[in-house]
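Okay, so chain A shows up in both of these, paired with chain B first and chain C after.
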Partner chain A sequence: MTSRGTSRAPLLLITPAFAVVFVLAAYSLFWLIQLSLTDLTFGQPFDQGVPVGLENFRWLLFDPSSTFWPAARLTGIYVLGTLVPELVLGLGIALLLNRQMRLRSVYTAALIIPIVLMPAMVGMIARLYFSHDGLINFGIETLAGVKLNWGGRELALMAVILVDIWEWTPFFILILLAGLQTLPVEAYEAAKVDGASNWQAFRHITLPMLLPLILTALVLRFMDVLRIFDVIFAMFGGGPGTATTTLPLYIYRTTMLAEDVGRGSAASVMLIVMIVASTLLLVRLRQRVMFQA
Partner chain B sequence: MAGRTTMARLGNGLLDLFTFLIVAGFLFPYLFMVSTAFKSRLETFAYPPVWLDFKPTFENFSNIFSDLNILFYMQNSAIIAIASTFLTMLVAVPATYAFARFDFRLKEAAAFAFLGLQMVPGISIVFALFFVAQSLGLYDTHIFLILVYLLWNIPYAIWMLRGFVQAIPADLEEAAMIDGCTRFQAFLKITLPLMMGGLAATSILIFIGVWNEFSLAFFLTSLQSRTMPTTIGFFMTHSGIKWGPMFATATLGTLPVVVFGLIVRRHFVSALTFGAVKGG
Partner chain C sequence: MTMFRTVAAIGALTLGTWTSIGQAQDFDAWAENVRAANEGKEVVVAVASHPSVEAFKTMIPAFEEATGIKVTLDEMEEGQLGQKLTLEVSSGTTSYDAVMTAIERNPKVASAGYIEPLEPWLNDPEKTPDWFDYADILPAYSDMFLWDGQHYAIPFAGETVFLFYRKDLFEKHGLSVPSTYDELLETAAFFDDNEDNVNGVSFRARLGWEFTYTWSIFLFPFDGRMVDPETGKPDLTAPGTAASLDYMRKLAEHAPVGVESYSFPEAWDAFMLGKAAMMVEASAAAPEVENPDKSLVAGNVGYAPLPAGPAGAFSGVWGWGLGMTAASENKDATWALITYLTGRGTQDDYLANGGIPSRSSSLGDSALQAELPYYGATLDTLKQAAALNEKGLGVVLPLPEWGQFSDIMGTDGARAFIGEIPVDEAVTSMQAQAEDLLGK
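Up next, the complex of A and B:
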């Protein structure tokens, strides 16, 4: 009974939700853009900024002393360093869980826990686990006989990435496991009759049929990982130096530590543009791949 | 043949063990966190780490209740999360109903507009919101955070609930309307009771999201409206980080979401994918 026509009912029902969301978004984006065109510093009254046009954007993107691009590069490493292992591990573990019948619901319940824990607290806890005499170094020393300096420049980003892998691999496991359970048994039986090996069945049945789901999971996670602030903030605050200063941390440091609201807001606008643009690109890509498949 | 089945059984057993170890590995950091909350200072820093072999103490918990007044921050978190969830549902349920039961111009475009606005990262507008809050005199108030979270909660709720409404046959409402109910009465008497499960699950998921949220709460509050996740700053002192109370707070703060997460575990896959994928 989807009603058609001139009824005003749907409009009336949607308006409150749309008004609230639209007013909130429009109002804050309006402020953000306005701030990005001024030289306001933090601590000044908010109406004291002098308009400077696009100067903040020019500085961010082209000035030799700007560290925007290094932060963007670090964000890229962070995105790839988390999403690729999470997908591979997630798929592998989902396949393992798919053959496990008895304890599956207990296992999936346990895997929800890393996802629901509050990330700020996770970051703080990871800080202790990754300390010199922490849990992680204990494990590594037991296995390899060395202790690593996770708080140093070389490994800090790796530590942050490992925490994300712990938190979010279960995301891929749960989604892909749900997908695996919808795959038709007949296809596998037919393949078996034709003498296909397990690997061939995986390569030619499982993977193609799971592909739309894999891409959906990747796009959703991509949108999320670009904005991660709390875990990194709690673990290293963007440091040591700029070793973990991804774009969200860059925005925080520019606005609050360098007290440059204008440049910080310009960086915020850039982050929004990058998220929207790359997500649209990924969604497009996803549609093309699925169309060909 | 007998040899092969034994081998297969052994192989299966090994894979089962491997699976168990992996899942235990994901759970371990959390369990270790809970155990650390009950350790004395000495045991917290013991190397090699102690896991179960220690004398539990409630000293860290009594510390955060008396010195930090942690109940105040839990109360703030609860007020903000419950109020924001309630307001979200109040406007999202009618909107979802319209999306699920009516055809209208620009319907899909409107649905995607909601999703698009949801993509704006909190960290990129939080400082603009900081100035908004100051200009409105709403900095460090519950109400400002409650409203700000609606920007993300409402689109999320609409996408989540849509599937639940669509799963209820429209024929049921039609039958009630033939019997003389108005559409609104039909919704109240037929559809609403049937979507209670979905409504509860969505509410819980939104509650979890608000309860855990950090960057907006951290920069838009100072003393009066500070929430649980943003208390992390209190543990960093000049003499180092107070790990014991920190772990006690983490244990206390994550307890409700772990319980809630387990309650709604059947809906978790839909929750993670905005309802795009149904869970098993």
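Up next, the complex of A and C:
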């Protein structure tokens, strides 16, 4: 009786949370998949979609007019272009902040500011900063005597990547700094006794011990960055041309502006599959690393 | 204080505006009738942020006072309003009695039965007083809301596109206003080369509907086509379509850096800050351009109809109107509000509070024309828009699918504009997508 009671208790406890998640997520997902298999124009009643099987997926993947692949490629560039610098910078700054220094808590607190700002607001302000006569070009002109066309085809994606790096590097700093502060001092003392250099201590002690945390931060950010929308939307709306149309922008434009609910839903399904598949891979990798550690 | 202002407003209205056209008694009788049937009712209106809506806000208290009808405005950004209306059409429900609708959206909301044809009200002298004067609204504007032979909204803010130019700079260099698109290109290049920190021409070219908006201005003078006027089938591969895109690419070389990301506020700012000698933009920008608080070039600007291309000189018509939802339970009260806000009898109040005109009595008024130089240019440019309509063409296709069609043009057109894909490829791709949408 007692043992059965205890085994049922956790189940009962998670049921409400599970039910909420199920209703909100699973039901919407089911609805989304159903829409992705229909031909439906935004503005038509939702139950009037004409079933078309996998035609929307075929069009997105293979039709010459579709710009799904360029959008997927841009998303890939965006993910790498933001995550790698954010991780490297984040780790570097976390290492610096991990030393004994004055006002450390002030610096750390200030780092939260970009993260808590409303992304749409960040996008609107960045749109002004990156305009031709904006603050960024003022700085560059003062230092190098040239002005760059951030709103142009070549640099627009770079501009949104820079904003993302500014906004989200602190996320890595805060997580990695917390991790650094929990590392055992003994390991470093032993390494010092053995005559290890700072680099060797970092390479053989800090990095391996921090790796699970790095991967956790990467997984969290990765899921987030794949569906980034607000900042890009506010800065360039996906343009010029399609220079900043990453997949979330592509989905928005297809569904709300091209008014093609079927194709937009199909693209959403593919984005979800991509996010889930690559997150599972990263989680796997993290487990392997943890296991080896 | 508000009460005082309201009473004062009614007083001014009754004594000033109304006696001047001798219809004060008509207004009082009308208000009494409306009050008798509708007192205590509420009218909820969905509106976009717009100068004319600001004028409405100042007019509504007097309406409420005179009729006993309560008015609630639900104001949102233009794009949001469009998506909200589309969602309401999809779900078949509405929370509004009246909605602000635009030419681009009319076929969709009208064909879905979301808004009501207004002829039964317009033709009923009991409900539509003489001072409303529907015939005074420029036909170019009232026809924007025509669907299946009936009108679905009353226009209040009409818009066309014309050429803004810096009179001071043109005088300084002894230049005349370009009358052809070749001259426009040459003049733009001239300013690029001869004036420091001033580029030739500004316009909007951001990905999506804003690109389509500007392109539709350049399209027809080069004999480009969206659809064949005879068959209604997509005709984007007409040679002029590609030619007009090529021209825009050339013109962009003389526009401020970053024009490919310009939305209309950036395009207007560039001109108002003196960074462009000319601008091809909406007439709605003119009041801002002439506002010395916002514009460095106020008072130095001339307005002209658009130059001619190989196929002629054309412009287009856009604009906003008020429509009544079919599901409204207070239709008479809603109609009373629409007549009040858009009528000729209340027009002076509307214009004095910053409303954008759409009536011939205001745009054709010689005193107003002398005071506001863009009134004359607006009327001249509307003739260019009428010339386009006579050919069976228009800058907006009167189809429920216009949103999608416009996005096809605004996406591939913008890609070709910045050189992401060749112009030929863009045109072929657009034609394929348009055929997919409308049939071959």
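As a working rule, the second predicted complex is superposed on the first by the 275 of 293 C-alpha atoms of A that agree within 3 Å, B and C clash if a C-alpha of one lies under 4 Å from a C-alpha of the other, contacts with A are read in each partner's own complex, and residues count from 1 in each chain.
Criterion: contacts are C-beta pairs under 8 Å (C-beta built on N, C-alpha and C of every residue); 3 or more make two chains touch, one makes a residue touch a chain.
Everything numeric in this text was worked out from a predicted model, so none of it was measured.
By the touch criterion defined above, A:290 reaches neither chain B nor chain C. Which of chain B and chain C touches more residues of chain A: that partner is B.
Look at A:46: by the touch rule set out above, it reaches both chain B and chain C.
Legend: residue contacts after superposition of the two complexes on their common chain; A:65 is shown touching chain C, with no touch to chain B.
In the superposed model, A:151 lies in contact with chain C only, and not with chain B.
With both structures placed on the common chain, the touch criterion links A:120 to chain B but leaves chain C unconnected. In the superposed model, A:88 makes contact with neither chain B nor chain C. 46, 256 are the residues of chain A that lie in the contact sets of both chain B and chain C, per the superposition on chain A.
Against chain B, in their complex, chain A makes its touches with residues 1-4, 7, 9-11, 13-14, 16-18, 20-22, 24-25, 27-29, 31-32, 35, 46, 93, 96-97, 99-100, 103, 107-121, 123-125, 127-129, 133-135, 138, 166, 169-171, 174-175, 177-179, 181-182, 213, 216-217, 220, 223, 226-227, 229-230, 233-234, 248, 251-252, 255-256, 261, 264-265, 268-269, 271-272, 275-276, 279.
Contacts from chain B toward chain A in the complex involve residues 15-16, 18-20, 22-23, 26-27, 29-30, 32-33, 36, 44-45, 47-49, 91-92, 94-95, 97-99, 101-104, 107, 110, 114, 116-117, 119-125, 127-129, 131-132, 134-135, 147-148, 150-151, 154-155, 158, 170-171, 173-174, 183, 208, 211-212, 214-215, 218-219, 228-230, 232, 235, 241, 243, 246-247, 249-250, 253-254, 257-258, 260-262, 265, 268-269, 272-274, 276-280. Chain C makes touch with chain A in their complex at residues 83, 86, 89-92, 108, 112, 205-209, 256-258, 260-263, 266, 400-401, 403-404, 407-408, 411, 414-415, 417-420, 429, 432-433, 436.
Chain contact summary for the complex, chain A toward chain C: residues 41-46, 64-65, 67, 131-132, 147, 149-153, 156, 236-243, 245, 253, 256-260.
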